[in-house]
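Input: structures, listed below.
Heads up, the next two complexes both have subunit A, just with different partners, subunit B and then subunit C.
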Partner chain A sequence: MQNLGIDVLFKGTNFVRLLSGLWVAVRISLISVIISIVLGLVVGALMTSKNRILKVIFRIYLEIVRIMPQMVLLFIVYFGTTRVFGWNLEAEVSAILVFSFWGIAEMGDLVRGALISIPKIQYESAMALGMDGKQIYYHVILPQTIRRLIPLSINLITRMIKTTSLVMMIGIVEVLKVAQQIIEANRRSSPNAAFGIFAVVFLLYFLICWPISKLSVYLEKRWS
Partner chain B sequence: MNLDVMISYLPLYRDALFLTMRVGWKGVAIAVLIGLIGSAIIHFEIPIARYIVSAYTQLFRNTPLLVQLFFIYFALPKIGICVSPEVCGTWGLGLLGGAYMTETFRSGLDNIPKIQFESAESLGMSRSQMFRYVILPQAVASSIPGLVANVIFLLKETSVFSTISLMDLMFTAKDLIGMYAKTIECLVLLVIFYLIMLLPVSVLGDLLERRLRHAEFGD
Partner chain C sequence: MENSLLSIKNLHKEFDRNTILKGINLKLNKGEVIVIIGPSGCGKSTLLRCLNGLEDIQGGEIYLGGKLLQKNAKDISSMRQKIGMVFQSYDLFPHKTVLENILLAPVKVQKRKRAEVEAEAMELLERVGLADRKNDYPRQLSGGQKQRIAIVRALIMHPEVLLLDEITAALDPEMVHEVLQVVLDLAKSGSTMLIVTHEMAFAKAIADRVLFFEHGEIVEESHAPKAFFERPQTERARQFLKSFEY
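Now for the complex of A and B:
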C-alpha cells in the first residue's frame, strides 16, 4: 500500500492533525445544532399560529432556506455583510450563523409537522378529562411531539455535519483543508498520497455520520 | 451597487447558469435511474445485489458531496481513473442522488399495502399488469414529495462544483470577486441566478404535490 499514500498518514502527527480538523467541523455543527434545536422549537410553535403576517414571513424564510445553497449563504454572510456593514466577522462565527439560520428553519418545519400531526382527539380527550391548556401541553401534547421529534433532530445532526464540509470555502481549516495540506507537503516523497488521504477522510465522515443515522432510524422504528 | 457592472457580468453568469443546469439535470437523471433500479433490487430482495445496494446507499448518504467529489477528482486518478471536471460533477451528483432516490422510491414501494397486491392478483391480473396499473401509479404518487425535495437538494448541491474547477455559478462569482472586488454586485447576481434556477422547480414541485394529494384520495 506504500504507493497509495497510506504511509503518509502515519508520518509525524498527520493523523492527529486530520482528526483535529474533523473536530473543527464537528464542533461547528454541534454548536449550530444546539442553537437550531432550541430556537427551532420556538419557531415551530410560532409557525402553527394563525397570524397572517407571521405565516407570510415564515413562508418566505422557509423558501429562502429551501432554495438557496448553503454555500451562497456562507458567502453572503462572510464576504457580503462584512463589506456592507464594515464589521469584522470571524469565519467560524459566520459559519455558525449560516448553519443555525438553515437549521432553525429545518427544525421549525419538523416541529410544526409534529405539532399538527397530533390528532385532534388527543386535545379533546384531555379537555374531557378536565385538564386546562397548560396541562394539556405538558402532559399530553409535548411528550408525543418530542417522541416524534427526537429521531428527526438526530438526523439533522448528520446533515449538519455533512454540510459543514463547506466551511473550507471560507478559509476555515477543517479536515478537508488539512488533508490538502498534508498532500501538498508530501507531494514529492509520496505523489500518490491523494488517494490514501482522501479515502481516509471519506471513511472518517462515514464513521461519524453512519452510527448517528442508524440511531435515528432505530429510534424512529421503536417509537412509531 | 453599480448596475453597469452587473450588466457587464451578465453574459458570464448566463454561461455559468447553463453549465450548472446541464450538469445538475444530468446528475438528477442519473440519480433517478439509479434510484429506480436500486429501490427495485431492495424491495424484491434480490440476493447479493441487495447488500451491495444497501452498502452503497449507506456510504453515499453518510458522506458529504464535497468529500465524494474530492475522492473522485483527486484520488481516483492515482489508481488510473481520470475524469474531466464535468464528468466528475455529473457522476458525483448522480451517485449521491442515486442513494437518496433509492431510499425515497423504496419507501414509496413499501408504503403500498399488501392487500393491493393480493386484490390485483385475485382480479386475475398478470404480474406486469399488476405493476402497470396498480403498483407503479401508487408508488410514484407517494414518492413525489420526496422526489421533489431530492431534486431541489441535488440542484443546490451543484454549488460545490466550483471546488473541482467546474465553471459553475459559484465559481464565476468567486472568480469575479477575486479579480474586481465588486463583492456586493457579484453576490446579488449569484442570488438572482440561483433563484432563476431553483424557484421554478420549487413552485412546480409544490403544484405537483398538491395535485397528487388529490389523486390519492380519489377526488
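Now for the complex of A and C:
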C-alpha cells in the first residue's frame, strides 16, 4: 500500500496550525450559534404573533435564507456590501453576520414550530391556576418548548459548523484552508498528503459534531 | 341574594356570529353542587369557561363573592385562584412530576411555604389514593389517575368554587368511577361545585340542583334532582333523558 501522507502532519508546526485553523472554524460557528439561539427565540416568538405585517416580513426573511446558498450570501456581504456601502468588514465578521442571518431565520422557524405545537389546554390550565402571562411562559410553556427544540436545533448547529468550511472562500484561513496550505507546501516531498491531511480534517469535524449529536440523542431519550 | 358565591347576570356569548349563550342567569350558593346537563354543543362547557375568564363575553356580568370578573382585567389572575377548574382533556404539565404539578401554583403564584404546601399535597394525594405516585410523570399515569391529580392540583389552591368540565368524558369506562368517587367525596365535605357531565347516574347522586341546557339557554331547572330525572317537566328534557335509555 502507498504511503497515506499522514507523516506530513507531524512536520514542523503543521498539526498545531491545523488545530488553530479548527479553532477559527469553531469560533465562527460558536459565536453565530449563540447569536442565532438568542435572537432565534425572539424571532420565533414574533413569528407566532397575529400581526399580518410581521408575519409576512418573517416569511420573506425565512424564504430568502432557505433559497439563497450560503456562499452567495457570504460573497454579497464580504465582496458586495463592503464596496457599495464603503464600509470595512473583516472577513470573520462578515462570516458571523451571514451565519447568524441564516441561523436566526432557521432557529426562529424551529421555535415557532415548537411554540405552536404546545396544546392550547396547557396555557388554559395554567391560566386556570391563576398564573399570569410571565409565569405561564416561564414555568409551563418555555420548558416544554425547549425540550422539543433541542434535538432540532442541534441538527442546525452541526450543519452550521460543517458549513463554516465555506468561509475559506472569502479568505479566512480556517481548518480546511490550513489543510490546503500544508498539502501545497509539501507537494514534492509527500504527494499523498492530500489524503492523509484531509482525512484528519474529516476526523476533526467528526470529533466536534459527534458529541453534540450524541448529546441530542441523550436529551431526547431523557425527556421523551 | 348577596350570600350567593357566584352570580351570573344575563350572560351572552357569541362566536362567529353564532349565539352560544342567550342570557344566562344563575346564582350558586356556598356549599351547593349544581350539575349542568344537555346535548353536545348546547353551551354548557362554554359557560364554565366564561366563569373562569377563558372566553370573551358579549354581554352580562359575572360576580364572584361580589366582585366583577372580567377576562382582561388586571385582577383576573387573582380571581382565577378562587375558581378551580378541571378540564375534559388531561391537562397536567407533562414536564413536571405529579408533586411538581400540584406545588407549582401554590408556591409560585400564592407564594405559600413549600413545606406546608407539600404536606397538604400529600394529604390530598392520600385522599385520592395516589400518594405513591407523587414522583411519577403524567405519561406514566392512566387517564383516571391524571384526572384525580388534576382535581388535587385545583383543590390545593383552596378555591371557593370548583368547575368540572366533563372530566370523565375522555376516560375509559372503568376509570370513570374512581374519578367520580373523588368528586362525590368532595361534595360530601361541602365543596361548592359547578359540574358539566354526561354521567346521568352521577348527576342524580351528587346534584343539589340540576340545570338542563339546550341551545344556549336553561330550559329546565330543578331543585329536586331525583324528581327531575324521573319526571322532567319539559318535553325537551324528557327527550334528552330518554336518549340515555336502551
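Rule of thumb we're sticking to: the second predicted complex is superposed on the first by the 222 of 224 C-alpha atoms of A that agree within 3 Å, B and C clash if a C-alpha of one lies under 4 Å from a C-alpha of the other, contacts with A are read in each partner's own complex, and residues count from 1 in each chain.
Everything that follows uses one rule, which is that a contact is a pair of C-beta atoms (placed from the backbone, for glycine too) under 8 Å apart; a residue touches a chain by one contact, two chains touch by 3 or more.
Given the structure is predicted, the values throughout are model-derived calculations rather than measurements.
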Fit or clash between subunit C and subunit B when superposed on subunit A: fit
A:122 in the overlay: touching subunit B, subunit C, both, or neither? Say first, second, both or neither. second
With both complexes superposed on chain A, which partner does A:140 reach: first (subunit B), second (subunit C), both or neither? second
Is A:176 touching anything from subunit B or subunit C once the two structures are fitted on A? First, second, both or neither. first
Between subunit B (first) and subunit C (second), which, if any, makes contact with A:213: first, second, both or neither? first
Going by the contact rule set out at the top, does A:158 touch subunit B (first), subunit C (second), both, or neither? first
Of the two partner chains, subunit B (first) and subunit C (second), which one does A:76 touch, if any: first, second, both, or neither? first
Comparing subunit B against subunit C, which has contacts with more of the residues in subunit A? B
Distance floor for C-alpha atoms, subunit B against subunit C, superposed on A, in Å, equals 19
Contact residues of subunit A, present in both the subunit B and the subunit C interface: none
Which residues of subunit C touch subunit A in the complex? 52-54, 77-78, 80-81, 83-85, 87, 89, 91-95, 104-105, 108-110, 150, 153-154, 157
For the subunit B and subunit A complex, residues of the former touching the latter: 58-59, 61-64, 66-68, 70-71, 74-79, 152, 156-160, 162-163, 170, 173-174, 177, 183-184, 187, 190-191, 194-195, 198-199, 201-202
Which part of subunit A faces subunit B closely enough to touch in the complex? 4-5, 63, 66-72, 75-76, 79-80, 83-84, 158, 162-163, 165-166, 168-169, 176, 179, 183, 191-192, 194-195, 197-199, 201-202, 205-206, 209-210, 213
Going by the contact rule set out above, which residues of subunit A touch subunit C in the complex? 119, 121-122, 124-132, 135, 139-140, 143-144, 147, 223
